[in-house]
């Protein structure tokens, strides 16, 4: 509960910060709506030329777009702003203050900066998912929806863990500070079902930068394409990723304090 | 000699108008509008809906003129308006009202002839590229300021002689120490032989020996080139070593403009008498003046007494007569104290 | 004047070379989305035989060419200059007697491009072996493509610089630049060859300058344009360059005035 309190405090401070940039917040919300319209336009261009792509119809791709945007909300709210803060901290030494505070350092570097108005994008993403699920021929049943939600959550957790791992590497390889951009670059590949891609790209976004695990996989569950053991397998992988990445972070911190003393 | 230099200066920069002073500032003012916001979450939300603005008068009606070859210290507490004034003089800020002529140019017109004849050095704000050796940045500046190879070589050799640059300019800037970086920074800013230098905290963050080196360099550079220098600093040692004249600014207004030595006389018309007493348990120094606690190590029997400047002779005589004096000195009060008092007058 | 550009180039080259590891990371941005769209459209084309006359090999050739032209004509002004306006480090450059954008940023752009091209070359060759695209390029096309690409870049540079200047007024310009790149993606041909857009968007793309910056040079290199069409578009590129250049000068001047009034 301490964590929740800390989280809400940070949320409040960040919200206060964001409120200071009024025009920013409004412009960004307008842009989010326009961006969504624009993405839907892109989908409509695809489906003006075909009925399905890789076995997926328009309503499924709308739902996929929602899931993809959900992951992006997490990236935009937490991952990108804190990466920036982290990198500056490493460069100018202000990261030291993080370790002086009596709080789990991984939690602290994950939530010091949050772009709160992205909550608006969250609403858009949820609306897209619901629209996609209800409009077309997506087979849904309560257990499948539950599996979908669980897999979306664990997929996001895997992406988050990858991020923690990548920034932890900075403690060993200082030149590695831009590795996170590779995540940003590959995010785009999550817009479409992984089945569409050539095998090497599919492997890349499933195993190396597992954006497909956070987007395509939950949708597959929703379509009833995954076996029970596969669903459980993905959830186990998610939990393992969270555990392993926190170990890597701790090792990185130990390395950092060893090097700077 | 001085006359010739001034004439050269004028012909080189075509200073129009009658005033031969390189820096002429008349009634310069700068007012910012800032959003006013109280702390707290509710205030943040309210301010999201409705903004309140407030005028901040950073600089108010500041006037001064600085002569050819002068080094003037521009002093004041944080937020007094020093940097704002320097930025206006360097052409980065447009004043709300008032005028300024530097070398005959109005700075904020940002005439490229003006930009080529002045320089602004802002503390550790880097003009050098972080990842490459300073030598490469120097060559870039040579191109930017259109310095001929012959001039470049001559100026560089001179700067090298003064700052001992050779051993450090081949290393990437990020690997240099603060002091080394400041040396390179200064050199890069001076390659084009500016006639006017604006230095904002040139020694900030440096250790004592680096500060001393930079100071000696500035003094020598000024002597050789006849450049006019306006500098701000929080280190009084910079000011006492370099500036005969100081301008004190506080809350955007000029508080003092004149010789540094006159300041102590005007603001603090008193002296410190340092006495070292022999064996004397019940000597009462407060009879002579205010006993200043502090620096003198009491153990050795050294005390400081503050007295009015015009009574120094009389009181010294009385002390020598009445006390077992071992040693006696008469000093000016520390300049920090004087300036501190000047800020608050 | 030339000496300044030469020095700027040398400094930028040395600087960027320091960052070669990061450069590879940034390259991924230019690589991923063309490959994604290539995959999407070839999947559809393979399933249907062809889309409006476009076969899978047509798409492969199109996106493989786009990979090169996109890097050649893209502009990074907003990323390397936007923050300087916002954090006030622009001041350091304003005291120099050269134009911070038209000289420094321009050369920075070119140095970045040159290194990106070097990094792209081996990857492009691997993709070439994987996809076996068929090009019908003649020397004439290449010769005409040189000015087309140069002008395409200048167009994007002036547009990007103008958008970056918005930073003088609003604290963060990223969302506006996102908006711009969204439009660019559809109307310049990154998403799909413009011939496959719905009719109303096709006519919009014809009128707007975006296609001149990317689609036109790509089509030219693919040998799809007649000489008259090429010359007409080259002329249009020049006209738009002038318009955007003038626009940039106006916005830049107004921005500096604002910057000098408020300080940063």
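In this document, chain identifiers A, B and C correspond to the written order of the chains, with residue numbering beginning at 1 in each.
Following the convention adopted for this analysis, contacts are C-beta pairs under 8 Å (C-beta built on N, C-alpha and C of every residue); 3 or more make two chains touch, one makes a residue touch a chain.
From a predicted model like this one, the values you see are computed outputs, not experimental measurements.
By count of C-beta pairs in contact, B-C exceeds the other of the chain pairs A-B and B-C. Central chain by Cα centroid: C, whose mean Cα position is closest to the mean of all protein Cα atoms. Chain centres here are Cα averages; for chain A and chain C they lie 28 Å apart. Chain centres here are Cα averages; for chain A and chain B they lie 51 Å apart. Look at where the CA atoms of chain B average out and do the same for chain C: the two points lie 47 Å apart. Within the complex formed with chain A, the chain B residues making contact are 35, 37, 41, 44-45, 47-48, 51.
Looking at the complex, you find that chain A touches chain C at residues 21, 23-24, 27-28, 31, 34-35, 38, 41-42, 44-46, 48-50, 52-54, 175-179, 181-182, 184-186, 188-189, 191-192, 196-198, 201. Against chain B, the residues of chain C that register as touching in their complex are 3-4, 6-8, 10-11, 14-15, 18-19, 89, 91-92, 94-98, 257, 260-263.
Contacts from chain B toward chain C in the complex involve residues 32, 84, 87, 90-94, 108, 110, 112, 115-116, 118-120, 122, 125-127, 129, 131-132, 136-137, 139-140, 142-146, 172.
Those residues of chain C lying in contact with chain A across their complex are 21-22, 25-26, 28-29, 31-33, 35-36, 39-40, 43-44, 47-48, 51-52, 130, 170-172, 175-176, 178-179, 182-183, 185-186, 191-192, 196-198, 201.
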